[in-house]
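Have a look at this one.
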Amino acid sequence: MIARNPDYEAVVRASFAVQGLMAHYGAELARVEAGAVDIAVPFCAALSQQHGYFHAGVTSAIADTACGYAALTLMPAGSEVLTVEFKINLLAPARGDELVARGRVVRSGRTLTVCQGDVYGVGAEGELHCATMVATVIRVSAPG
Amino acid sequence: MIARNPDYEAVVRASFAVQGLMAHYGAELARVEAGAVDIAVPFCAALSQQHGYFHAGVTSAIADTACGYAALTLMPAGSEVLTVEFKINLLAPARGDELVARGRVVRSGRTLTVCQGDVYGVGAEGELHCATMVATVIRVSAPG
Amino acid sequence: MIARNPDYEAVVRASFAVQGLMAHYGAELARVEAGAVDIAVPFCAALSQQHGYFHAGVTSAIADTACGYAALTLMPAGSEVLTVEFKINLLAPARGDELVARGRVVRSGRTLTVCQGDVYGVGAEGELHCATMVATVIRVSAPG
Amino acid sequence: MIARNPDYEAVVRASFAVQGLMAHYGAELARVEAGAVDIAVPFCAALSQQHGYFHAGVTSAIADTACGYAALTLMPAGSEVLTVEFKINLLAPARGDELVARGRVVRSGRTLTVCQGDVYGVGAEGELHCATMVATVIRVSAPG
């Protein structure tokens, strides 16, 4: 996929850095390429649901964020992204030492971008596919 | 709607109390009735996205949680719930002093329950409808 | 809801009339109001799935169409609509003498409109709620 | 993927043969393998929307059907499938001489199966990716 803004990585990293929720989760950008962004978050009890696994809210937040930034990597300078909607299927308990969301652009349009996000629990036994998301993202012009 | 477990409120409150993420958000159960659960969370910077509003991850986490517990209120004793999938449309920026998610059961089946969740930003100007969710929830038997 | 084009009903009826699939189904526009469109289709064997009920493809086609036209009723003259995406939960078998889809606008924006569509099987025993949809619709300018 | 019923292809073909809507569309099963089912439908005016392309109702009907049968290929003898819900993003106009839906199992569970369905318009210029679906399918026991 072709990036129209050569500085896309800096744009994504600057936006990510001011997201209170991602800092709060201890999440980090593990990969930023044209059309592909990965976000990883280490397990801690504050991110759990009632059975001690990662809460679906964390799973969906990092998948949505990875999808939004994957979309942003392909947009012209001066763009920002808003999530229009997403749908997520929770395939297996989100357990592991770390949760990794991989956002990939499926179709990049002038106004709307469709992304797929897959989330994996990573631990001693390897990777477990725990969720799959499809998200629709809209481009908006960054304020002045 | 008819609750099959007269102790449904205690069941919901006990489960909510051990969700690390909900405590982390400062979220509370604002309403627990048969087929209807509301969750409210006050704004703080740690829950924000890059523009300073509530992060969509918070919006979707409290909507999903409200839907899951709304489903649980109608289930027999000894039940637990898992979210199979959900879809959320983000209608407007999630801003306000407080974010409130209202989960309502649309159809309650033996295995699967379908819920609708609507999220409102509440502030000085009143309520703003900022997201709508449809979630599919599955009943599982609580471990022994 | 406020229509910006006083001729919205004629616009919707003209567009509906050239949809081959809707004619093929024997579907008709049962209601066209600002923000609300209903479509009804009588049962026939050609519209069935393997158990003899209406096929989910019919249910989703009329719900999607009702949502799209509900969105169109609120748009300025010279607009057309495209469905960006939809999600449908099939709540009960779609049986009855007639299937009715009711599309309602949830939020109308300049570019995107979000609609809810509910589908009912109508027969001797009354109405059965058999599906609920959320659809995202985009406005495009009509050619020429 | 491993089929538990060696006769899965016959089961899928027998069920497909009694779907009125698929016959009505002129659709055929182009591939039936363990975890993978393709359905193809040739263009005709009766399947069109207002711009002369395949109607989204056709796109979603064949994608949903391909997903359901892909799920069925992995189930034990005596199983039937019902679609719980699906979500589809329409990526591009569905045009071409033929529309092909490819349903693939993402995760096969005892009760629920999650599938992805992708739809392509096939014509002189090759294949165009026009829609992507995620569907949740439930196993039910076939009546005695």
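For clarity, chains are labelled A, B, C and D in written order, and residue numbers in each chain start from 1.
Rule of thumb we're sticking to: contacts are C-beta pairs under 8 Å (C-beta built on N, C-alpha and C of every residue); 3 or more make two chains touch, one makes a residue touch a chain.
This structure is a prediction, so every number in the text was calculated from the model and none was measured.
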Chain located farthest away, centre of chain A as origin (C-alpha): C
Equivalent of A-D within the choices A-C, C-D or B-C, defined by over half of its residue contact pairs recurring: B-C
Geometric centre distance via CA averages, chain D-chain B, whole Å: 33
Between chain A and chain B, centroid-to-centroid distance (C-alpha), Å: 22
Inter-chain centre distance, chain B versus chain C - centres from mean C-alpha coordinates, in Å: 29
Multi-chain contact sites of chain C, meaning residues that touch two or more partners: 84-85, 87, 89, 114, 134, 136
Residues of chain C that touch chain B when the two form their complex: 87, 89, 91-92, 106-107, 114, 116, 129, 132, 134, 136
Chain C to chain D touching residues, read off their complex: 15-16, 18-24, 45-50, 55-58, 60-62, 64-65, 80, 82-90
Touching residues (chain side chain D, partner chain B) in the complex: 84-85, 87, 111-112, 114, 134, 136, 138
